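Presented sequentially are two complexes of chain A, the first with chain B as partner and the second with chain C.
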Partner chain A sequence: MTTTWTRRDALMVMGGSAVGLMLSPLPWKLLDDVAIRTQNHPWAVPAPRGRRTSRLTRCSLCPAGCALRVRSVNGRPFALAPVPGDLASRGTACALGLGAAQLAYHPDRLTVPVRRLGPAWMTARVPVAPTGAVHLVSGWLRETQRAAGPEAVAVLDGWPGRERSLRYRRFLASVGGGTYIAAPDEGAFLARFSGLLDPHPGPLGADLEHASAVLSFGTPPLLPMSAAERGLTLIHAGPRRPAQAALADQWLPIRPGTEATLALALAFLLLETPGSGMLANLVAAEREPLLALLARFTPEAAAAITGLAPAAIGQAAMRLRAAGPAVALAGIDAAAGPLAPGDEIAIALLGVALGSVGRVGGILPRAGLPGASEDLERVAIRDLPAVPDGSIHLLLLDGADPGLALPWSLVATKLAPGARVVSFAPYLSGMATRADLIVPAPAPLEGLAEIPGSPVLAQAALGVAAPLLSPPPGCREPGDFLAAVAAATGLPEIEAAPVESRLRRRVEAIHRAGRGTVIRAGGGEASELSALSSSADLWDLLLAGGRWSDAPDPPPRLHSALRLPPGSLALLAAAAGGGAGQRPARPREVLLVPIGIRGAVGTGSLPPALAKLCRESDLWPAAGDAFVHPDTASALRLRDGREAVLVTTAGSGRARVRIDRGAMPGVAFVAIGPGAAEFGATPGAREESLLRLCVPAAAGSWRVAPATLREV
Partner chain B sequence: MSTAAASNSRYGMVIDLDRCTGCGACMVACAVENNVPVPPPEAGERRGITLLRVYRAENGRPFPEAETAHLPIGCQHCDEEPPCVTVCPQNAVEVDPETGIVGQIPARCLGCRYCMAACPYHARYFNWWDPAWPAGMERALNPDVAPRVRGVVEKCNFCHGRLQAAKAKAAAEGRSELKPDEYVPACVEACPAGAIRFGDLADKSSEVARLAREPRAFRLLARLGTEPKVVYLSDRDWVRQLGDSGGPALGESHG
Partner chain C sequence: MSRLRSILPPLLGLLLGLAAGWAAFPYLLYEHEAQPLSFSHAAHAGETLGLGCEDCHGFEPDGTFIGVPPIEQCAACHEETIGDSADEAILVRDYVQPRREVPWRVYSREPDNAYFPHVVHVREAGIICERCHGEHGATSTLRPFERNRVSGYSRDIWGKRISGIATVASDGKKMSDCLRCHATEDVAASCQDCHR
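After this line comes the complex of A and B, so read on.
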């Protein structure tokens, strides 16, 4: 039998084969391979290959100085992680610190000095050679000295107390007496408290290691981890519960600007306690009028002003009384800054009523860092509000970012017309955008940095962050730059020794003092400093992520009484009467309260991973969002997500309305940072922070301002 | 399909929502560990890669009784019939029988996104763009994790690179078993509140197994029967109701 193939048969076989092929794994395998191949595009970024190392260090972004384990590839850090064995940070680190390895690559990073072209409103900048930058500043310095005297040269230090701060003061001393300004920080309240005590006890600190309760007005201080483990009672008073107070035992939701009222009401209750014996602590000269003022603030009267229930005030007083050693602190809000002087006096009075002055677990004299204040009396530290308006002709802005906001308007009023501004920020962001010249400093991880402990704590501390990356050649330590400027101007020479040798001297001074304890980042118990045979051992320990903490002798009993400076009672009465807070003056007004998270509202830039988090979630309030209560939104005809115009006496700006049931009625909580949506955008295209709408008072407080909010 | 029967370990997480403060440290640590890039600005809020995402939820009460809870949600590593495994035409999702970890294999993924549609937890993300980092940062990526390219889906894999590294270290030391704390994902390590615990749920004596048996423990969408290996803890009733999505509060969540 013969088989004949027709054309039909051939077509059928071909068709059948095609169908069969489709049912076989072959085409799918081909598809799979194509998919794999297309995923290996030559332009796709491969993971780096090379030698991996790991070491311990400390975070230099804030005074907490958390221990970090750094993993590097080819000497480049790529990930930071907390160290569980560290006795100081107990295995914790914040989101900002965990992303710090990315900060050196931020799109805003500057690697060479840049100078602004034209007037202040222009954003165009051109690179300047490092020597050119020195001569430029030297020329401005000569001009200023000639026209307005040495005191018209000023440094605004973002993080006072560091070795870099000492060099600023030495430079100002060589100028002939320039103005050294310390940016507001957590220590401001305790400095004021010290000034109210007689005899003057010197610097004070809170002994939070041994306190049983903390009442925090504003953002709570960085609590030692041991305090949290001991079960310290934390009471937070403020119109909004910040993230740092999320685990507080009690929240006292007071109306904005009524901190003094609550403090006086609590002082009234505590002094009223039979046998409290605290009346003796009130200075005799002011005692009667002060008591008369206190008597006005019964819980009921205070409740009417603060918006709290009288029972809540009583409960807080009972908790503070029952807890043992308790401390009342005026915290500094990351966005809203320090409290007004009247509020701070009231809180200091509450501290006296609590009996916390000179008591273990209370407010104690604070010994400074050994070797930290040599021959610097010629240049005193000044607060920004104390600087006369229009008096600064050359302002040098430190680039350190302690993570706290500072309205530019507060700085600008101190500048003379045509004043020059030089910034030492590593990034073209925040306040640096106002500068005529930016001389970039090393970014975090790029330079050796010391981390003095929190100025709130009674125990001084020091950690050191080892340099893990080389800074770009155009970056320069501000102190080195100023030494070059001094030389170019013909000023007396300021020390040109590198940071390491100066820090080593400080470590030698600590070792000589022989006080305190040291811990190793890798774990183990704290040991006495005296057990280390040489300062070199201490230096090595600190470079490996260790930390030194002071352990002062048993505190002397402070026989201090409150001495209120002239005018304090009037300040106190005005603040306790509700000040700028309470309720909006007009029906369609709200109270503007700036909010933000420490580290995300200052002059620095966010690590890319954190900018991503802020952009893609609302865990952190985003710049420009205004949170209002539904009733307030309804009264003002505002809708969620819509754009609205916010107007204060300082100007107007656009905000996005966010309806939030947790917001206090009558208040608009306006986020001033982070501006994550602007990550990678050119600085000129950015929205200016709504912080400019806050109205700083003469005393340097900008916590609350009346405003109108109208939907566009 | 039950993966538990064949497995030696069942790695899982227990997240205490009463401890979580929503600080975001876990999200940052996750992004850094897994070489997750910042998407371009046009990505908006929803098209970036967030292998672990912390949602904010409110109790719906007015001021001052309003309360907030933060709910970290990543892949739940379903133990029973993971929906993403069932629907994947490419076998790009596999359950490791040794560990119980639901792994995503980007090299096999075609980008059809069936798994994204199937996942009841919205814990999977599609790479809409080729990864890009600020200049110079590509040299400072995690060498243990390959960046994924445009067109593939990804999700939390309990930091698989860390598991491999721990296994390699154990092997180098002549051990076949990992020590309990030798392998932890980056989010667990980063949480400053100690809210996230990690371990072997199959080991009844482990801390996570003990916590998972507590009366305040709950799982997300437990009624679906997917038996997630991520367990949540809370003393607050309204927070526990979040696990059942029918509760009003989940509708309040942002993120």
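After this line comes the complex of A and C, so read on.
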């Protein structure tokens, strides 16, 4: 018998094989393995094999300085975890901090100095030898001094108050009086508040350790864990509730740009109560016109402007009155930045009405870190808006990433034509992409880092992050680099002592002062600093993840009165009565409010694993997402997920419409980060953030902008 | 006859598909890597020396699992060659004397994205080593390490059977195996317990 195999038989064999394969583990197992393989990105440094150890340290990414347990293999950190026993962070740490072990291996990481080729619009960069970088900056410095004087040399410090900040100021002093600019941070409001008091009390802080209530306009500050455990009442006022205010006791959803109105209305209600003579005692000038202005902001009048119910304003005032020591603070939003000066004056006035100035649990003078205030008066701290436009010829950008947005346009207006920009960022990201020269600083975990406490708090604090990795040879501590520049330029010598010895001196000064308490990261009660017999013990404790907190005893007194500078009443009236935001001016217009999460608004680099998690889970809004209320979407004929064009007076950009019931009608909350690059796109291929559509006012505020949103 | 003839091709195809999926696929999927040295757990842990698992695979004082013992620990006994096996000579010459760690291929290494605290399971829960590692401590040679060519994981994570269905409790160290054991023992587990 012979059998002839036909094409049909071959097809039948193939069909049978396909069925057979489907009845085997092959497709399912292969799918599983491929899924695992796709999770292993090239940036994911495999955990090394070897001896595992663990130690305690503190996170150096922000002033919270959470305690972390670092697990290392052969001395190389590969995983970070929070420490439940730590009294300061109580076993918490944010997603950025937990991913910090990967930051040293970020795809955007720079390991040698790089210089841009050609004009500002070019992205090509070439490596420069470290000595070459010193001579380059030295040449630019000489050129600037000759052409425009020492004031044209400026440093923009991302995190003022560190030892590194002192070195910047010493360098500027050696230049002959350069310009030291502090990037806006949480402490900006209290600095302005201090400027409104007479006599000038110096730095101020909020005594949140003893406060009973905090009213926060904008993102609330980092509250001490002890305050939260005491049951501190938190009231948040803002058009959107950020994650930091998720557990607030009350949310006052005011229209964008109406913070001053609410503050004055609350002040009005508080002054109607017994004991309001406090205002008469504490306001030193223009008292009558001020009271007349306040009288205009009844709850009903304020409700019409802010969009709140009059009862909600009354309820908030009652809560503040009943709570005990209460503080009103102007927060800084990660994306939307600081409030306008008029808003801040109104909130300061509310603080006076609350009776919080000079009171335990209120606003107190801030002692500062011992050993930090040396004779640096020659180089004062300036806000960016206060710097004259076009006055900077050489700008040195600190590499610290405060995690807060800062529109480049605000910096660019201060630059003279042809100005040189040098960045000390460890990554080619954020503002460093604008620099002519980048001299990379050590990345997190690579260098000894100090962690001063939040500038909002009246009690200074200090933690230290021990170096756990060696920085690449091409990286350099900015202060050391500037010392070399000073030497090459023939300037007076800047101290060239290594970071460790300078930090040790500061720790010695703290120990000498003998006040405050220390905690150990591993747990246990706080103990008096005086119980430590030597500064070496304090140093060892800090290196092992401990933390020092100041506790002035007795609390410093404050005998200052509010003295509004000329023009303040007009600013107040404008901010409260007819401010920038409130409602769209035209029917088809929306108010653009930038939003973002601190540390993920495009100023720095996200830990790659976190970027991957966000990209694959939609966990965080991505740059370009515009959240609008369904009614607004319906009025503007916008559909969820569709692309739309966002137009402001500053230009236009593409956004993705996200319909969100939580959004305020008439407002488009536009996420400005993290961008595609932070989410793992090709390094360097960064799209321009929609932050450029927010036009910074002369006073440095960019919180609200009228815009049109049209689907394409 | 013609009916049999008609089902023959698909049947043949089915058998080929099954053979490819069940036999050829596992063979191709895993690459075999020899261990750098032969090692007899039985000779160390058996009655000859009487060592327990934790004598070599113990814990640091802070509870960190040591895993593969450092070469210093081998050197305590193998500073000089014991016996005349070729592997013993290599151990002393290439690893003990220069104090170089032996690059063992670890069968049960958890993936980088998972954290398995041995100390909690062994010391607190009292789980014996054999529950997860089977009779590994009684073997007289080290089998080849099988690495998944696609995922890079050890075959011991998925389990000996390509179907992923274990017939003994120690076969497989997948997340589902962990969850099954936690469910059986009524011990709660959250994502962050292991993925942190």
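One rule holds for everything that comes next: the second predicted complex is superposed on the first by the 644 of 712 C-alpha atoms of A that agree within 3 Å, B and C clash if a C-alpha of one lies under 4 Å from a C-alpha of the other, contacts with A are read in each partner's own complex, and residues count from 1 in each chain.
Basically, a residue touches a chain if its C-beta (ideal position, glycine included) is under 8 Å from a C-beta of that chain, and two chains touch if they have at least 3 such contacts.
Since the structure is predicted, the reported quantities are computational estimates derived from the model, not experimental observations.
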Key: More chain A residues in contact [chain B versus chain C]   = B
Task = Have a look at where A:122 lands relative to chain B and chain C in the superposition and call it first, second, both or neither.
result = neither
Query = Between chain B (first) and chain C (second), which does A:611 come into contact with in this model arrangement: first, second, both, or neither?
reply = first
Ask   = Which partner does A:536 contact after superposing on A: first (chain B), second (chain C), both, neither?
value = neither
Query = Looking at the overlay, does A:52 come into contact with chain B only (first), chain C only (second), both, or neither?
reply = both
First (chain B), second (chain C), both or neither touched by A:380 = neither
Ask   = First (chain B), second (chain C), both or neither: which does A:79 touch?
value = both
Task = Pick one for A:291: touches chain B only (first), chain C only (second), both, or neither.
result = neither
Message = Based on the A-chain superposition described above, do chain B and chain C contact any of the same residues on chain A, and if so which?
response = 32, 36, 39, 44, 46-47, 49-50, 52, 78-79, 81, 98
Remark   = Per the touch rule, the chain A residues reaching chain B in their complex are 31-32, 35-36, 38-39, 41, 43-50, 52, 71, 73-74, 76-82, 91-95, 98-99, 101-102, 104-107, 243, 246-247, 251, 253, 607-613, 615-620, 629-630, 660-665, 677, 679-681
Request  = Under the touch definition given earlier, write down the residues of chain C that touch chain A in their complex.
outcome  = 5, 9-22, 25, 29, 60, 62, 64-67, 70, 101, 106, 111-113, 115, 148, 150-153, 158, 162-164, 196
Inquiry  = Per the contact definition, I'd like the list of chain B residues that touch chain A in the complex.
reply    = 19, 21-25, 27-29, 31-33, 35-39, 41, 45-46, 48, 50, 53-56, 58, 60-64, 66-68, 70, 90, 106-111, 130-147, 149, 151-152, 186, 189-190, 192-194, 254-255
Request  = Would you pull the chain A residues touching chain C in the complex into a rising list?
outcome  = 3, 5, 8-10, 12-26, 29-30, 32-34, 36-37, 39-40, 44, 46-47, 49-54, 78-79, 81, 98
